[in-house]
Every structure is written in structure tokens, then in C-alpha cells.
Amino acid sequence: MSAIYGLYPDAAAAQAAVDGLRAAGVAGPDITVLTSFPMDGCRFFDDGSDDRVRRRMWTMAGGGGLTGLTAAFALSWVAETSWPLSVGGLPVFAWWPNLIIMFELTMLGAMLATVVTLVVGARLGRRVTLYDPEVSRGHILVGIERPDRDRIAALTRALAAPAGARLGGNAGA
Amino acid sequence: MDRRSFISLTLVSGTTAALTGGCAVPQTSLIRFVPAEDIQPGQASWRPGVCTLCPAGCGLTVRVMDADADVVRDGITGVQRILAAKKLEGGVDHPVNRGRLCARGQAGVQATYHPDRITQPLKRSGDRGTGQYVAISWDEAMATFVRHLDAIDRRAHPPALAWFGRPDRGHRGTFIAHLLSRLGGVGPIGVDLFGDAVLRRANAMSFGRSQLPTVDLAAARHVLSLGADFLGAWNSPVAQSRGYGAMRTGRRGVRGAFVQVEARMTQTGANADEWVPVHPGTEGALALGLAHVVLQTGAFAADTAGRAGECVAGWADGLPDWTPEAVAAITGLAPGRIDRLARALIDGVPSVVLIGGPPLAHSNGLHAALAVNALNALLGAIEQPGGIYFTPQADVSAMSGLDAGDVAVAPAMSQFVAERLSAGSRPPALLVVDDSNPVFTAPPAWRLREALLRLPTIVSVGSFLDETSSLADLILPDHSYLESWVDAVPESGARTAVISLAPPVVRPLHDTRSTVDLLLEASANLAAPISWPWATHEALLAAALGTLPPSVTAGDTWTEVQERGGWWGELPAAVAQAAAATATPAPTAFTAPTFEGTPGEYPLHFLPYASTFLDGGLAHLPWLQEMPDPLTSAMWSSWLEINPATAAALGIADGDVIRVTSAHGVIEAAALLSPGIAPSIVAMPAGQGHTAFTRYASHRGANPLGILAPVTDPATGALAWAATRVRVERIGDPDGRLILFAGGTREHGDDDRPPHR
Amino acid sequence: MTPPLVTTSVQEEDTTEMPKWGMAVDLDACTGCGACVTACHAENNISTVGAEQAARGRAKHWIRVERYWEGSFPDVRLRFQPVMCQQCDSAPCEPVCPTYASHHTEDGLNAQVYNRCIGTRYCANACPYNTRFFDFFNPAWDKPLHLQLNPDVSLREVGVMEKCTFCVQRIRAGTIAAKADARELKDGDITTACVQTCPAHALVFGDLSDPDSRVSQMARAARGTALLGDLGTQPNVTYLQRQTP
Amino acid sequence: MTPARPPSHEQMTADLLRPLLRTTWRFFLLAAVCTAPVLAGLVAWATQAYYGFGVTGLGWPVYWGFYITSFVFWIGISHAGTLISAILRLVDAGWRRPVTRCAEAITAFSLIIGAMFPLIHLGRPWLAFWLAPYPSERMLWPNFRSPLVWDFFAINTYLTGSLLFLALPMIPDFATVRDNSTGVRRRIYGVLALGWRGSSAQWHRLETAMAIMAIAIVPVAVSVHTIVSFDFSMAPVPMWQSTIFGPYFVAGAIFSGIAGLIIAMALLRRFLHLEAYLLPLHFDNLGRLLLVMSLLWAYFVFNERLVTYYGNEPSDMAVFWRTQRLSFAPLYWTMVTCNFLVPLVLLGVRRFRTISGCVTASVAVVVGMWLERFLIIVPSLGHKFLPYSHGSYRPTPIEIVIAFSTFAAMALLYVLFTKLVPIISIWEMKAGATADTVRS
């Protein structure tokens, strides 16, 4: 069995299950909590990783924007000065009009970087190892992937403790 | 075929060949014939030519380059590289136009490459007038023509043969006149609606010169023009425009002044410093009034005018009846203004007075012209810088070695219609129509079309089917003027004698034949042959020009002429036309103009005028159709110009469809409100309203000539085309028949003209 | 305003050897005859569009003679004003073109590269003189009218903009001929079709960089004005105003 | 009719998934009704491409007409979504939750439609790729100084951003669809869900990404319509060269966008029976917003007109009077009525600010804003500086069909979208309901 989990009808029960697992000695990052919507009011474990993630995503977005800006500048500069064509009395490389191109590519870069960071960071498109469709019907899943064989019983007990818990597991697909 | 379609055609035929395993149908595959040997691909050459679109006789320089033409050889369709005329420009040294050309001249190249040109001899197959023809060979055509000529009784009186043609003072016209007289025929009868027969007659009376004047505008300081559209369609417009430009801007510190007197603003009048509208037909009175003031001032003596003065009643006495007040009552101008106009003539010496167009197309036109001649003579403007000259004329008959005395004077068209084509008269057995369209330009009362329908035989040598040539039984198409030997003898536009002459610019595109060659051959093949000293048109011209000395080099005149595009210089006395020394004619007096139609029933004067298409013969050229009219910006359409006040009184708005009714007919057109026309007049451009004249001109607009009254000048028989009165009524909203290029008509101020498109 | 990072423009490079083509129009001599209009059609392969299309505003006249009424009957005057592409130094049509179909040549011409045009028609909007014309259909010539086509001027395709080029084919041919003969171009060696035919000599064409050329002298004349000069387009066509006595 | 209690999570999932899981003949009928005009539009476009641009009513000197009007109109409508939903997200307005996705969908579709118009409008559309900067063999780059190239970049950025902004929050909902369906549909949505599980790490990243996107998309949206306004204000054309055009266009875009959103919401509410989700409150809020934008629009129009009138520049005044009291006056005053008077009455008076009142006002605004773009383009082009070259414009059936077909295309895309994607974000609704519970 590669994962065990419990399904809980509400946040309080799920929190109890998490607390039980923590008490059983499972480290926070090893516990998987799946919900059908973001539980803004509940913090199942508070280890400061959220803030790190947020900062990293903003940094990546900034980096993407910078890349876009550089690309836009390089594109317009190289294109216009290497093959100079005079139009309408404007200079060959005209700052003001090109700023518009630079702005747009900056924003495009930032947005693309954000999405890439999200896809990579949220492990989207990867193989799902621990999941139960009941999550989308409102249950909260608390589980552990690849638990130690010899501690399965203890963990199962911790998961079963809160009221309304339904246990489940899979052999890993 | 342009390059793109050539490539695609090649691709298509190549693909087809590949797909069908090389079994392409020969008829559809592209055949390239061997190109003519004188072609240098991509290399332009410039060759001299002569413009024959109007009588001005401008010289041409034609840009010639290779082009791919679709041709049929032995029944096989293919492509051949030929030399084609690309662009017409003015003959660089030509004394008339000096390298310049008008819009008509520029567009002339389209006459040669017109898609609706007659490409080979045709024989009528349907009823006359239905325009149904079958193609025949030149042998058959020639035989038929000779048979028709043989059938003519040369001693018949009235003559059994008649010829309609456009006025041509050159060798072609002269040869045809001689041929006709040898065959006992009459003609060529000039088809020239806006021709200046009245002015020629007046000039003959005043100065012994039956020709139009050459105006030395470049040296004039003051020009007064009575109706003469000398920058647009009158006389020699390019030469006159050249002079006008020089008069305005060519002299440092001197800018010639220009006053135009007319009831409807022409393109020429639009350029005047002062535009003076007078009552129609009273221009002669104004000329007398001006002369009166000039005489009164004592600046010039009455006898300065010489014979020209003697032609005007009361001249020697100082025209006592023609005080500014008296003239004011006739013309509608203030007396002070008449006085001022006259004094400007005196102060502006060298000053000159011109007359042309509508003033001569009234019943009193001849007198008006005589009065102007006298005034010019009084001002010392005859054969003087800044005045009018008479271009020395070559005696073409003498040059050709023929006796001019053999040729009978051709009657005027109106006279011929009355005597030979009216009911009960004896019509000619054979009529030849030579690139002229009298059916289109004749007033309806002449019933010319009906008369022609009754004629036994009509032969046309024109290049296009039009209202007249589509009545012909046999069509023997001539080359275009870029394809044949061509010459013209300009009667004005230069101070020296000019013969414009050029060899063919390009080879004939179609299976056509030079009319002169055709006539030479036909007359030699008659049962009673006529012999000529030359066998071809070229030989005729070479022999005639051989009588002239070379004008530049000491070499051979004929070679020089072909290279220069003509001959100009001092004429040897033997071939120069002398001034006619006729007896002094009886003095004439001003009479009030007569108009057909009562003012009660027909309250407005009707003025057709020569448009870009002149009298309509150029309406088939798409460039001219699409060229915006200078005053109205109209394209592809015709219209009725009407004063806004008159229009308001009649409930007519811009673009409305109106009906114009005269005693002789009804036409419909779009109204165009114009501030440049007197309230008592409506005007309409001639040239549109063709019923059958190529794809570009047919069924487009209305023909104002179709409602003209058959009033003629008594002395010359010329049609008084400005003497009709009409009634105008609104019949509908704008329907898009008037196509204007311009949106606004005024640069400043509220001009919310509703768009016609 | 921030100084531009790069100030090099083609115009600022050493172009002293280059001619600067210009035209002068003496409105005192222009008679409004329209010879220039037809000459332009003949020289530049401008197709006629026919009555129906002309009625819908598709007629193409690279040069047109504008006319304006002044006053009312009987004190009425008419003013003619030929308008062709003004070959502006600071041409509004050029920067708006996304593909450089409209750009400036070294000799001061406002070039239109038909093959590069994708037909946004933006240049025509930007042109304050409305001298740009669009090919709404593939230009066609009823055979054999096509034999007249000038092989030196490219035929346009449907969907492109066309306009007066100052007869660039004549300029290039004249320049090449002069170079081949190893001689300097003289004033008057090169003329455009409209100037060549103008009967009243109202149009003059030449090199504005040569102070002695006729067009330069006319451009300096007291009567000289630029059409819509207050728009700052710096046109290379000078209009010499009509004089009144 | 406000339900007494918000629906439960189960109810929400059931309600919002119903349009995806149950298909009736009504859907096919609606899709067919929308498809027919789209096909007609395609035929019209093919006709134009085959015969040439002459089939339109354009001509010298009015070279821009229905197509550019429609272009600006649809780009304007696109501001419904992303901008509104981004701003509401940023200020964390709770009532936004049922509105965001249908607004963002409007953005995406109207941008796609709007971006097609420059192509339709090109004389040689097959060469449109020359606008893109790519190294061709002749090294011919686009002219970065041309507002049309700015358009190209701005619309690409905005379209990319909007599609991502729309797509990211759809991933959890795809997971919900996957879990509530079987067979092929389950497999398809399984792929679309990209393996979404709903772990807190995923939720956190998604929310952060949405926050970044929301911040980025607002200036992009503003820039897009500013640049669209530059298409006009960069050209020396009477009444075009105006510094006010940027904000004027942005305000007009948001104005028409909100109107479009209100209409779409009302239709969804009616046809998908979402009365429990799209509440009168939403219409009331959006109606207030529309009223504000109407006033802002009127303010800009007053500015534009007064400055022109006071400046009294002849060429400007020719256009001014043409719209104010000459040939274009009927259209102009219709526009003022639709964009100002009708919203002022229907939205300004509380009693009229019902759902039907809001929808009526919105329809008026959509009509009025279409006219506004037409009146900016055509009168100015027809009356530039030289009166000789003045002219007018009348559209042909081809143009009318193409312009009309894009409305059908919008409806069709919307109908298909509601069939494939929950039009109200399920997870956001759940999160909102939970947050409300927690708050209370």
C-alpha cells in the first residue's frame, strides 16, 4: 500500500486528523491535505512555506517581465538600427513608440513566467499518486504517501480518530 | 497580355499538358510567334507623330516599346511581341505645341488600342441601323467598293457621290476633295459642330484670311475674350495655354490681365481676373460699345481699323449709337463697367480681343465676329506682338501638283441636308462616312438618321461603330493615326507655316488599310480608271513635301520631315496661299439674336458646350471619361448646369433628375447647381448620350444636341447651336447618374452638398 | 523631453550628394485643363475603374485638379489647385505603415512599395492631402488597351495602396543614363509626366538641393506656400499663389 | 427573488455542472441559430477575399468603416471581463465570485473576434503575418513605430493574458467535472484538469498566480485600448488628433464591457436557471458601475466636444458640425441618448434599477457605443482638410453581414463555452460560501 488517507466532512475534523498525524510524528510536508476549494480560514500546518512560495512566484514574474523587456529592447533596437529605414521624420530608433512594444512584452513575459512557475511549482500535469474523487464532493482528504510499513497501523488510527472519518487507501497507481 | 497573366497562362497550359500526357489541344496552347525584327526588348524609342483628334494639328513624340499582343495568324491564336505606342507626348520642337499636349492628346493612344475598334472589313448582315455585320476579306471589300464607285454616274447633277468627313486641311483631306471632284462627287462635307465657320467667314471679310487667328498671348498685356474657351476646347488649346502661361508668369514684372465675357463660366473663364456675364447673343453689341469708348477717347482713329472697320456699319462715324448706356441696356452690364473694360483695353496695349464659342453660335454671330475684328484692328492688334496673327498656309493642292480650281466648294452640312437629304430631294447614290458622326451631332429636325436610312449605299472608313457608321453597308476600317502616314496643316497656333507630318509610329495592329491607299487603288481599278501621279499615301506625301526646301539642314527635305515630325519655316511663294483679295463686303449691323421657342413656354436659354469629348467623338476613350471635368469634377456622366437661384425657383436641388424640353425634343439629366452660370441660362456638355459608340460611351448621360433647334447662321449655314430655348422641370430625386469626383465645392464656408454617390 | 537614445536617422547622414526632388505649382498659370491627370494615367499604368466604381469613390487620380468656387453669381471666381502626393519630408503616411511599404528614400521621395503593402489603408487616413488610392479590385484593362502599359511601372494588385511617385521610374532612368554617360544631371533632364505635358508650364519639377534649379527658385518665391503647411508635414511641393490684379 | 439561504456545496456542484452533464434539444437549437449567421459571415468574408475589397462600401476617402468600427467595439467589449474581474479580485470584492468567469469568457471571445477584424479589413489578408517580427530571408521587420504594430503586440499580450487568466481558475473546476463524470468525458476532463488534486500547495500557488495575473492584466487592458485609440489619435485627421482619446477610449471600453457583461449575465441567469447564483445584488452593483461609467463617458464627450468647439479650428469644426447637426446628427443624438440619457434614467433612479432595467440600459449602451466608434471614424475620414476630397460612406450587405455575424459568433462561442465549462467557478463559490459562513 503506497498511501493511506482519511476523508473528513469538515475542516475541524481534518485539522484534528492532521494534528493526530503530527502527534504521531509525521513531518508537516509529508502530510497531504486535499480540499475542493482553498481553505482560507484554516491553516493545517504553519511552517512559513506559503510566504516563500509567494515571494518566489513574484520574483519569477519579475524575472519574466525583465526578460520580456530585454527581448523587446533587443528586438526593436537590432531590427531598426541594423536595417535603418527613414519614416516620417522620426529617428530610426524612436524611444517613445518603442516603449509601447517594450511595455507589452514586459507584461507578457511576467504573465508567462507566472504561469510557468505555477505549472512547475504546483506539479501540474504530473502523475497523481494520492487522490479520491470524494474530495470534489466536499470531503477533505488527509493522507500520507508512501508511509512506513511498520507505522501504518498507528497512522491509520490517527486518521480514524476524528468524528466522521472514512478511511481509504490505494496501492499506488 | 501582362506579365502576370502570361505566367499564369503558361503555368496553366503547362500543367494541362502534364496532366493530359502531352496531348494538349493545339488551339488552347500558347503559341509564341516570332517577334518583329526591329524590336529591342525593354528599350524605349521615341518617334514623331501627329495628333489628329482635333484640327489644331499638334506634333507628337511617341514612346514606343515592346509589348505582347494577342494575334491571330492563319487562324491560330497566339502571342506576338510587337512594338506598341506607350505614351504620347508633344513634339519637342513643334511650333504649335512645343512638347506639350492636352488631356485629349494624351488619351489618344487609347483610340489605337481600343477594345471596340473595327479590326477588319465588315459587310452589313442585318437591317440597316441594327449594327449587325459579318467580317469579309479585303479582296471582297475592295471589289464591292469598286463596284459601288463604278455604279456612280460621274456626270449626274446633283452629284451621286457624297463624302462626310471631319475638316482636314492636310494632304489626306485635299486628296479626297480632288478624288471626289474627279468622280463628280461633292465633299468632303465637314462634320464639325463646334467648328468656327462663322469666324473664318468674318476673318475672310475683314482680313482676307479664311482661317482662325493665332493669338500671341505671350506678348499680350491685356486680353478680353468674348466666350472663347481658348484654354479648353477652342481653336488650338495647347498653343494658347502655352501663351497664357507665358502671359501670366513668363515676364518679370508684367502679368497680363485677362477678362472673360460669357454667360456660362468655361474652364477658360475660370482663369479670368474678371468674369463678365452678359445676356446671350449680345457680345457683338458689347464689342461695338467697347469700340465706341475707344473711339471716343481718341486714342485710336477709326480708320486705323481699315477694311475690318468698313465691315461694321457706323464705324467711320465713331459708332454714335453704341454708347455705354445703350450697350448696357442690351447686355445687362453697368455702363461704367463697359467704360472701364474699354479703357483697360487702351491702357493695356498690346491688348487683344478674342471671340469664339457661343457668341458666334447665334443668329447674329457673324456681325459679332466682324465687330471684334474691327476692334482688334482699331487697337492695332493685327499681325503685331501681343495681337493676332494669321499662320501662313501651305497650298496643299499646289504642293501635290494638283489644280485647286478643279475642286468644287463643299456645301455646309445644313445646306446639304436641306438640298439633298430632305423629303422630296434627290439623295446621293453613294455616301462615304469618314470618321465622323453627323447623326449624333445633327439637330433632330434635320431627321438625318431617317434620311441616311433611305440612302441606297453608305460606306464607312472609320475605326469605330457609332450612330452614323452603324448605318453603313460596308465598312473599310482605316488605320489609326499612329499606324498610318499622317499629316495636318494647322491653321493657327504658330507664327510660321507648319505642316505636321509623320510616318507610321507602329505597325497596324489589326487588319486595316490606309484610306488614302485604298482610294488610290480603288480609283485605279475602276472601269474608267483615274490616274494619279503617285501610287501610295507615302508617295503622295513625299512628292508634296519635295516641293519644300529643307528647313534646318541642307539635306533632303523628305528625310528631315520624317525625323522632325513635320516641316515648318518660310513657305516658297509657289506653294503659299495668298490673302484673298476679295471686294470689300457691305457693312453689317448688329441685330438682336433670335431664339427658337417663346420665352413664355421655354423660359431658359439652352447652351450646349464643347466638353472634354469636344462634340462627342472622343467619348469612347476611358481616360477622358474618367478624367474629372475641370469645373464640375464629373466623371462618366453628363449634367445640366443651372444657377442656384433658378434651381430654387424651380424646386430643383443638386443632383435631382430633371427634364429639359425644347420645341424639338426632351432629354433627362441630373441637375448640377453652379454659381458660374447666369440665371437665365442652363448649360449642358456635349459628347455624352451616345446610343451606339463603344462600350465606354454607349448609353451614358444625355445628348444635348438632341433637342437643338435647327437655327443656322444665314451667311455660312453653320448651326447656331446656342439659339434654342428650353423649359426645365424636376422629375425625380438624385439617382446616381451624376458621378462627381469632388466632395466639397468651396474651400471655406458651409458647403454641405449632399453626396451624389 | 528625453533626448532620443539614437539620433542617427537616414536623413541626417551625409546626403549632400543626394538630390532632393521637388515640384512647384504656379497657380497663376494653371488653367485647370487636366492634361496632367491624363498624362499621369498614361505614364503610371493607373487603371480606369468605370462608372459604377467611380460612383463608389474608387476612381484613382494620382494627381487631381481641385477647384473651389469663391463668391456667388455674378461676382464668382473659380480657383484651380492641382494636388498630387506632396512627398512630405515629415510624411504622416510613413510611420503608420506597419510593414514599411511607405517609407522615405534617400533622395527625399515618399516611396510606396506595392509588394510590401498589405492594405491596412492607414497611410491613406494619415495623409492629410488624400492623395493615396486603394485598389479595390484587381486593376484590369480591356484588351488590347493593355498594350499601352508602361513596362517601367509595376502593375498593382488588388488590396494595395498606390499613389504619385514623382514618376520615380523616370528619375531612376534619368539618373542611370547620366551615370552611364558620366555626366552630371542637369536641371530639366528629368521631368515627371504631368510636368512634361503641362501646356501652361504651371508645373515645374527638379532638384531642390540645387539652389539654381528652377524649382528651387520657385520654392523660394514670395508667392510660394506649402499646402496645409501648418500641419508640419514639410511637403516638397510648393504652390505659388495666384495673383490678383 | 433572493433565496433565503445560499445553496449548499452539493447543491452548487449539482446546479453548476448541470449544463455540462445534461444536453437537451434546446442547446442544439440555440447552437444552430447562432451558427447560421456565422456561416453567412464566413461566406461574406470569402466573397470579399475572392472578389476584392470592392464588395465593401469603402472608397476614397473613407477607407475605414464597419470593420474598424467593429474592431474597436469588440476590443472595447473585451474590457468587460478581465479588467472588471481583475479589479474586483484585487479589492477582494466577495460578490465578484459568480461574475468573474462569465466576464472573463466575454473578454477572451470578444478579443478573438475583435482581433479578426484587422485581418478581415486588410487588403491582402494572406500577408498579415508580415506584422509579426520574425527574421525573414530579407530581414524585413515590422515597423515598430506604427500603431498597428503596437496593436499587434498589445492585443497578443492581452489575449494571451486573458486566456491564461480565464484558464487558470478553470483547472480545479475541471477536476470537479472529472470526478463527477464517467467515460469519455471523465477522460477528457481528466486531461484538462492537469492532475489537479487540490492540495494546499496547489491552492496557494494558484491564488498567488491569480493575484499576479490580476495585477499584470489591469495595465495591459488599459494599454490595449489606449493603443487602439492611438490608431486614430496618431493620424493628423480632424477630430482624431486628441490627447483625450486614450482615457476616453478606455472609459468607453469599460463602459461597453460592463454593458455586455450585464446582458450576458441576464441571459445565463435565465437560460441556465442560475437565479440562486446571479442575484439582483450583482445586477445592482454592476448597474451602479455602469452608471458611473456612463457619467464618465459623458464627461469625456463633453471635454472632447467643448475643446473642439472652443478651439474653432476650421477642419475640426467641419467634422464637428457634421456630427452635431448635419448628416451624422441623427446617429450622434441616438448615441447620446443610448449612452447617457437611458442609463441615467434607468440606473440613476433606484426604482428602475432592476434586472430588466439594467439589461435595457445595457442594450442601449451596446448600441450607443457601437455608434460612438462609427462616429469617431467615418465623419472624420470623410471630411479631412481639403474639401475637394470630402466624401461619404455607406456599408454594403457584405459588411453588414460580417459585422452582424460576429455577434452571432460571440453568442455561439458563449453557448459552447457554457456547455463545456462551468460558467460559474464552482470552487470560488464554495470558498466564498465558506468564507461567508466563517465571517458570520
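For clarity, chains are labelled A, B, C and D in written order, and residue numbers in each chain start from 1.
By our rule, contacts are C-beta pairs under 8 Å (C-beta built on N, C-alpha and C of every residue); 3 or more make two chains touch, one makes a residue touch a chain.
Note that the structure is a prediction, hence the values are computed from the model and not measured.
J.: For the pairs C-D and B-D, output the one whose chains share more C-beta pairs in contact.
T.: Between the chain pairs C-D and B-D, C-D carries more contacts.
J.: Farthest chain from chain C, comparing Cα centres?
T.: A
J.: By C-alpha centroid distance to the whole-protein centroid, which chain wins?
T.: So the chain sitting closest to the middle is C.
J.: Centre to centre, by mean C-alpha position, how many angstrom separate chain C and chain D?
T.: Chain centres of chain C and chain D, defined by C-alpha means, are spaced 42 Å apart.
J.: Calculate how many whole Å lie between the centre of chain B and the centre of chain D, each centre taken as the average of the chain's C-alpha atoms.
T.: The mean C-alpha positions of chain B and chain D differ by 64 Å.
J.: So how far apart, in whole Å, are chain B and chain C when each is placed at the average of its C-alpha atoms?
T.: The answer is 32 Å.
J.: What parts of chain A, by residue number, touch at least two of the other chains?
T.: If we look for residues of chain A contacting two or more partner chains, we find 85, 87-88, 90, 94, 97.
J.: At which residue positions does chain C touch at least two other chains?
T.: In chain C, the residues touching two or more other chains are 56-57, 59, 64, 66-68, 92, 95-97, 100.
J.: Listing for chain D: what residues touch at least two other chains?
T.: Expected reply: 59, 61, 140, 143, 145, 149, 387-389, 391.
J.: Over in the complex, which chain C residues touch chain A? Could you list them?
T.: Those residues of chain C that touch chain A are 2, 4-11, 88-97, 100, 102-104, 234.
J.: Over in the complex, which chain D residues touch chain C? Could you list them?
T.: Residue positions touching the partner: 51-54, 56-64, 118, 121-125, 127-128, 130-131, 140, 142-143, 145-149, 152, 231, 234-237, 381, 384-389, 391.
J.: Touching chain D in the complex: which residues of chain C?
T.: Residues of chain C touching chain D: 53, 56-59, 64, 66-68, 81, 83, 92, 95-100, 116-122, 124-126, 128-130, 133-138, 157-161, 228, 231, 233.
J.: Could you pull out which chain D residues touch chain B in their complex?
T.: 59, 61, 314, 321-322, 326-327, 382-383, 387-392
J.: Touching chain C in the complex: which residues of chain B?
T.: Against chain C, the touching part of chain B is residues 1-4, 42, 65-67, 69-70, 82, 84-90, 97, 99-107, 109-110, 113-115, 231-232, 237-238, 241-242, 244-246, 248-250, 255, 257, 265, 267-268, 270-271, 273, 275, 277, 509, 612, 622-628, 630-631, 633, 635-637, 643-645, 675-679, 695, 700, 736, 739, 741-742, 744-747, 756-757.
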